[in-house]
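Each chain carries a letter (A, B, C and D) given by its place in the written order, and its residues are counted from 1.
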Amino acid sequence: MSERVAAKLTVAELDGLLRTEFPELFSAENGFVIEDVWLGGCRVRKHFDPGSLRPGGTISGATMMALADFAMYVAVLAAIGWVPLAVTVNLNINFLKKPAARDLLAETRLVKLGKRLAVGVIGIHSEGDDALVAQATSTYSIPAAKG
Amino acid sequence: MSERVAAKLTVAELDGLLRTEFPELFSAENGFVIEDVWLGGCRVRKHFDPGSLRPGGTISGATMMALADFAMYVAVLAAIGWVPLAVTVNLNINFLKKPAARDLLAETRLVKLGKRLAVGVIGIHSEGDDALVAQATSTYSIPAAKG
Amino acid sequence: MSERVAAKLTVAELDGLLRTEFPELFSAENGFVIEDVWLGGCRVRKHFDPGSLRPGGTISGATMMALADFAMYVAVLAAIGWVPLAVTVNLNINFLKKPAARDLLAETRLVKLGKRLAVGVIGIHSEGDDALVAQATSTYSIPAAKG
Amino acid sequence: MSERVAAKLTVAELDGLLRTEFPELFSAENGFVIEDVWLGGCRVRKHFDPGSLRPGGTISGATMMALADFAMYVAVLAAIGWVPLAVTVNLNINFLKKPAARDLLAETRLVKLGKRLAVGVIGIHSEGDDALVAQATSTYSIPAAKG
């Protein structure tokens, strides 16, 4: 796609930096995989974990919120480079349908990338089913560059 | 307080039901404690867990979102009784300041309790500091009672 | 587009019903025009009104919020038919850039259409500029059908 | 109340500045009245206007959103002084019950007042009835002070 010009960090660079610097956020155990990044967005996978199941065989809202926040963080870092102290200001999420007991995929699209604030829209769906299970919007604050 | 009339379920009842029915949500390992419930609200604690730390010694946004969602669920169940299939429709959260490496306390106040929808406001602060670290608003959908 | 199957109400039907039944919401004076509807969405225009200008030549946030709410209402009615007592439960809006002193266009895409709740995403941009000036998400409650 | 220490601008100062500088936002015609301001909050009235009525004798959501945004703007200016280019970043509103055909009162409480961002919670109720008809949360961006 024409919009998918290169991000400031590649998947491999983001993967390495996050795994080294923030192992509590991003490690083999928590099941996140960065699948693709581009300038203005990314796609992130959350491997299915039976521990996040809820009655009825569905995945917890907390799991989807954590995934949305991670997918936004990856899109912001891909767009601005390694500025790890970017922080979430606001996250709004609508839960649309119960996810199946499968992997979840989150795709972020940045709709604003300013000097101080970034805003992204994150759609989450189950592997193999395009219908959204959750839709989130998030605002990140970008720290001022040092002189 | 005058508003703190008895809820439909006590702390002990909620604790027992959640622990038995939803051990993946509520167990000794995940650190949630229901401290108080009343008709229209509740107070829930999240024990500090070094695994939820982020760079700079702060607690992850995902931890606060999970706490807000749990605190809303407890307030809804306390108000309507054991209707476990009540589900989150929407959660909006503002992150206000970095929490310290201490227990978090969430207090929910229901601002609407209708037949089909409940809306609550959840304030989160660190133990020993009244300043809010996060403020959330959440809408739950209440399933229709069976005839 | 393949998704643009016919809605339950056409533009002409919606225009006529809203103008007759809700003249305070929808009349020549308030500047709304329903441009297109399809099953799952719609496009609505707000004619530029110098009275909604703010310092710096921009359009007020209140104008954009009213437009987002109207665009969601039209998409819901187009999808479910004439059920005028559908009401907004929640609206979340991010203001992304200052709109120019021109017409605004809002496009709604329903991401959930259930029996009791509908959720839509509304993007707003200025005429002649595809960049979003605001992005909203809204939840509507659909009254129970009468037996 | 102990928290009601003096704001940086009084009601009279805010009233005069807004009326002079932003007559399109704040004038006799639009029905807003600033009733009280303090450091960290304010109370604003919206006079009842038959033109904002909706079917069933209720007041439009657009009216409540405009009131919430105005009440947040007043609280921010009262706290930081006359910095008129503070802009709304995000507004999230839950509609809780249908307002009566009476004046609306909005009370804002700032829960964060940082150098770059302010966050407030706004409750709206009808005159003579304490039950909330709407609850909003809003984030404002504060422009950098000039050196």
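Simple rule for what comes next: contacts are C-beta pairs under 8 Å (C-beta built on N, C-alpha and C of every residue); 3 or more make two chains touch, one makes a residue touch a chain.
In this text the structure is predicted, and so the values were computed from the model without any measurement.
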Most widely separated chain from chain B, with each centre as the mean of CA atoms: C
Between A-C and A-B, the pair joined by more C-beta contacts: A-B
Residue-number overlap at the chain B/chain C interface, same or different (half cut): same
Separation of mean Cα positions, chain B and chain A [Å, integer]: 24
Approximate Å spacing (C-alpha centroids) for the pair chain B, chain C: 34
Where chain A and chain C are represented by their mean Cα positions, the distance between them in whole Å: 28
Residues within chain D bordering two or more other chains: 89-90, 92, 94, 139
Residues of chain B defined as touching chain D within the complex: 92, 94, 96-97, 111-112, 119, 121, 132, 135, 137, 139
Chain A-facing residues of chain D, complex: 89-90, 92, 116-117, 139, 141
Chain C partner contacts - residues on chain D that touch it in the complex: 21-22, 24-25, 51-56, 60-62, 65-66, 69-70, 84-85, 87-95, 98
